[in-house]
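Okay, so chain A shows up in both of these, paired with chain B first and chain C after.
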Partner chain A sequence: MITTIAVQQVRGLMRQRVFVVLLVTMLAMTALAGVLGWSSHHTIVGVYDEAVKLLASRGLPAPPNPFLLKPTLSLLSNMVVYIPLIGSLLAVVLGHLSVVDDEANGIGRLIFSRRLTRTQYIVGKMCGAAVVLAFVLAASLLVSWLSLIIVNRSLPAGADLGRLAAFYTLSWLYLMVFALIGMVTVLATRRRSLALLSAMGAWLVITFAVPQITSGLRPTQSLNPIVDPAGTSQAFFRYTSNIRPYSLVEQYKAVSGTILRTAATEPTGDTVRHIAPLVAAVVALVVAVVVLVQRHDYSRGSSNE
Partner chain B sequence: MSDSRRRVLALARHEFRAAARSRILLVLLGILVTVTIVSVYVAAVDHRSLVADYAAYRAAAQNQGLDRIAPSPLQPLSLLRGALEYLEIIGAVIAITLGYLTVSRERANRTLTLIRSRPVTGNELATGSLLGAVGVIATLVAVTTLVGVVCVGLVGNDWINAAQSVKLLLASGAAILYMTAFYCVGAIATSNTKVAANGLMIALGIWLLVVLILPQLGDTLDADNQIPGGLFKALTLDRAGETEILKHFSTYENTRITIEEASFAKHFERFAFAMTEVQDKYRGFSLTSLLNEKRNDIGWMIAYSIALIAALRFSFRRQPTIPQETT
Partner chain C sequence: MTAQPTTLPAEDLSTTPAIELRKLGHSYGDTAVLHDIDLVIEPGEIFGFLGHNGAGKTTAVNILTTLLTPTSGSAEVCGADVVTDRAGVTAAIGYLPADVRMYPHLTARENVEFFATLSGLADPAGATAETFEYLDCGDLADKRVGLFSTGMRQRVGIAQAIVHRPRVLFLDEPTSGLDPSGVRQLRETIIDLNATHGMTVFMNTHLLSEVAKVCTSIGVLDHGELIYHDTIEATTARFPNETSLEDIYVRMERTPS
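The block that comes next holds the complex of A and B.
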């Protein structure tokens, strides 16, 4: 029964073109990250060449090529910004539509006349959303792989491919948090718009407010993959830094940096500690969705705008 | 007062009261005020020690009987940078929500038909709603600014003077114009879609593009932002060397600037940052020089706002009075 619901869910999203919008946006975003990576590569090499000439004309020695300091997968560092910014908003919409449409078109009132428990129903819905996100991210992985071949003009090493796969698996986990937030807000509120805006509020808090409180990161600093660390020596941060391990976006970025080697390497134990809050958030939200669906009133009409 | 003006004011009051009753708007305002307080507090704590250092220097200089004491190099207004960034991001979401609620509320309550059964034209409805929304937005910007200024004064120990107040007032005016434009985006998108929630999603998509993606592209493409600490610093180049090298990348720089200029948010950010002396290069400019320097951003902000207000009036005029959908 769970599989039937999940398949119906995926078909429904494809019929509504939500799936296509999600896929096209994610692929465009991945391609854009590749173009920006290529542009960054091209600019650094060009600026370096000009700098060498200029310094030579002043009788100064050439500095080391800064591009040599950039790891192979740094080309994709923009994805670490786009997944929390764009990907998570799309995941919120995916989670929202997965549940809200059955309420709006009346299916929610009919479906439980069949031999189907609410838990089976919602687990099927969550599986459908998980499959859609996994498919979309697998397609993004393919585009990233192609970008690496085009820009580096060589096939990525096996280890790089492994890291790429690990990065997209982590991204899937991160996006599942937001898809589940989209579902929770529909099940916890009475109005469709309130549900969507509450999920947006949660996204704003996780993406911008919490990093500001725990690490002093201003919103625009969250938009650039190259961030100079903010000063956090104040007494304020001595208290708030205790909640930094629970800041989902910061943990996601930290693990992504380790995987893509755009940040300093860290022991495996630390990486696991960074991933743990994401897993805990997914588990907590799955429990919340299952609990909320039991008491959700599907008999309410379809006019809950 | 003419009948038309009375109707417009009645609609504006209705819009203001309805918005003030909205729980979601209050929650978003709560988030905005909280992050504003945190960002200004964090900046002001460091500022306080600098103010104390300057006061100590000033006292020492006076004790030594020096005639010429260097003025304070500190810029308390620049501590509001975080607050302005939050207005740029969260403020725009609040404005879109306000625009969405303007249309969806009347549709869901079936009051649009009732309003239009009275002698109210589409233009009056658009103007009344817009005025009410501007009232809400102005209140919200005033609260955020006041919270920011009080934080700077109490935590940073540095109260802003009259000249700085005028600049802050102009930055706040720009914030009101900016949010009004996003209010129009929310209302236009919602009034042009059968399912109001889809209009909200379209408006949020536009917000994502204009507020986050376009400025991010411009920022990421900046040659100096390519490696931590700055590319030119890593290449041991001074400002003159940077300018010399960038001459070879004029097409690249022009493309980057064009991408940034396509974003309304970037124009607001540039203007507001110049007014609050966030960027070092504008420190010491007179108000006239600043306004002259930022005339391009002012022009774009006014042009975008006029176009969106015109589109709002057009959308409200052709909005069906009988509800077209129920979901």
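The block that comes next holds the complex of A and C.
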């Protein structure tokens, strides 16, 4: 039964415009990250070449090429910004549509007049959304891989592919948080518009509000995967800094930085500590979705608007 | 068409009521919408459930299809309690709600196959094909439901409701939005399902003319109370001065039995 719901969910979502938008946006973001990485690489190497010529004309030794010191995957560091900003928004919409369609079309009444429990139904829905997100991120991984080949003009090492796969797996976990938020808000409210608005509110809080207060209002920390919290002696900021371990965006960026090697390498224990809030959020939201669906009223033809 | 097995043995059909309500009541908060309804519908009946808007007909169907839990009393479908034996009830019923839309991005075949699979059929594709053939709507099978008219959607809705050959078929305002030929086609389908497959039909409707042509018994619900229940023959005999079922219905609403 769970498989039936999941397969139907994947088939239904993949035929909707939102899926096309999600796929195109993610692929465009990935390609853009590659282009920006290439542009940065090209500019810096150009400046470096000019500097080498200048130094050589003066008989001075040239410093090493800065790009030789940079990790290969740093070309894709912009993805660490795009996924929390745009990917999560699309995941919210995906999660919302996964559940709201059955209500809007009155299909919930048909489904629950069959031999299917609500738990089976919602687990199937979550699996379907997870598969769709995994498909989109797998396509994104492929584009990333191609970008690296084009920019570097050589096949990246197997270890880099492993790191890239780990990064996209982490991104899938992160986006699942938002897909589940999209589901929770539909099941917790009776109005579709309120559900979407609430989910967007949660996205804003997680993506912008919490990082702002926990990172000491340093705008560069919202844009780059910098892991150091703001140093401050003020009581308010000391208090808000305590929330930082629970800031999902910052934990995601911290682990991404470690995986892509764009941040200082940290001990394995620290990485686990960063991932734990993401896993805990997914587990909590799964439980919330399963509990809420038991109480949700599917006897109505469509949700009130 | 190939009849599919259901969970109850065949001999139970003749001895167990298709539907049995005992002091059934339901309230939404402080608002009571069903009051102590006692009703027995025997297997093979085509039952017309009449009542004005808001009388509680859809609430009753929602309870009988396990979508709502009654706040008092009990209800059984083919001997299975709607609260304690949900699996038994859902194995025995088919349901076509009012204003059904189904999955607009999927084809009619994919929609019906989906519900056939949810019903636990061993060969959902085969059952779906047979159902489309039976309803003579094979031309719709591979088109997306989102492009369908109300009538076409209703035919696909009927297909999903009967694809697993239920013992009891619940239809909620099945003729709403249909043109006269669609209404006639639906009527013929209901009569054939009842005659050929022995399906008990429970139909919520406003169309008294349809009730007179299709149903074998009627019940009238008024403000959540069942004010009348009898066969069509007994009803017309009881009200000999009324020329139509509509007149009888209006009179019943004025003077409950």
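Convention: the second predicted complex is superposed on the first by the 262 of 305 C-alpha atoms of A that agree within 3 Å, B and C clash if a C-alpha of one lies under 4 Å from a C-alpha of the other, contacts with A are read in each partner's own complex, and residues count from 1 in each chain.
The rule we apply is simple: a residue touches a chain if its C-beta (ideal position, glycine included) is under 8 Å from a C-beta of that chain, and two chains touch if they have at least 3 such contacts.
Owing to the predicted nature of the structure, the values given are computational and were not obtained by experimental measurement.
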Which one hits more chain A residues, chain B or chain C? B
Between chain B (first) and chain C (second), which does A:M79 come into contact with in this model arrangement: first, second, both, or neither? neither
Touching partner for A:G46 - first (chain B), second (chain C), both, neither: first
After superposition on the shared chain, which partner residues are touched by A:L55: those of chain B (first), chain C (second), both, or neither? first
First (chain B), second (chain C), both or neither: which does A:S198 touch? first
Once the shared chain is lined up, is A:F208 touching chain B (first), chain C (second), both, or neither of them? first
Using the superposition on chain A described above, determine whether A:T4 touches chain B (first), chain C (second), both, or neither. second
Kindly list the residues of chain A that each of chain B and chain C touches, one partner per complex. 105, 302
In their shared complex, at which residues does chain B touch chain A? 23-24, 27-28, 31, 34-35, 38-39, 41-42, 45-46, 81-82, 85-86, 88-90, 93, 97, 100-101, 104, 107-108, 196-197, 200-201, 204, 208, 212-213, 215-217, 219-221, 223, 225-229, 231-232, 234-237, 241, 244-245, 248-249, 252, 326-327
Which residues of chain A touch chain B in their complex? 32, 36, 39-40, 43-44, 46-48, 50-51, 54-55, 60, 63, 66, 69-70, 78, 81, 85-86, 89, 93, 100, 104-105, 192-194, 196-198, 200-201, 204-205, 208-209, 212-213, 216, 218-220, 223-228, 231, 234-237, 302-303, 305
Note: in the complex, chain C contacts chain A through residues 59, 62, 65-68, 87, 90-91, 93-95, 97-106, 110, 114-115, 117-120, 160, 170
Sites on chain A touched by chain C in the complex: 1, 4, 8, 11-12, 15-16, 101, 105-107, 109-116, 298-299, 301-302
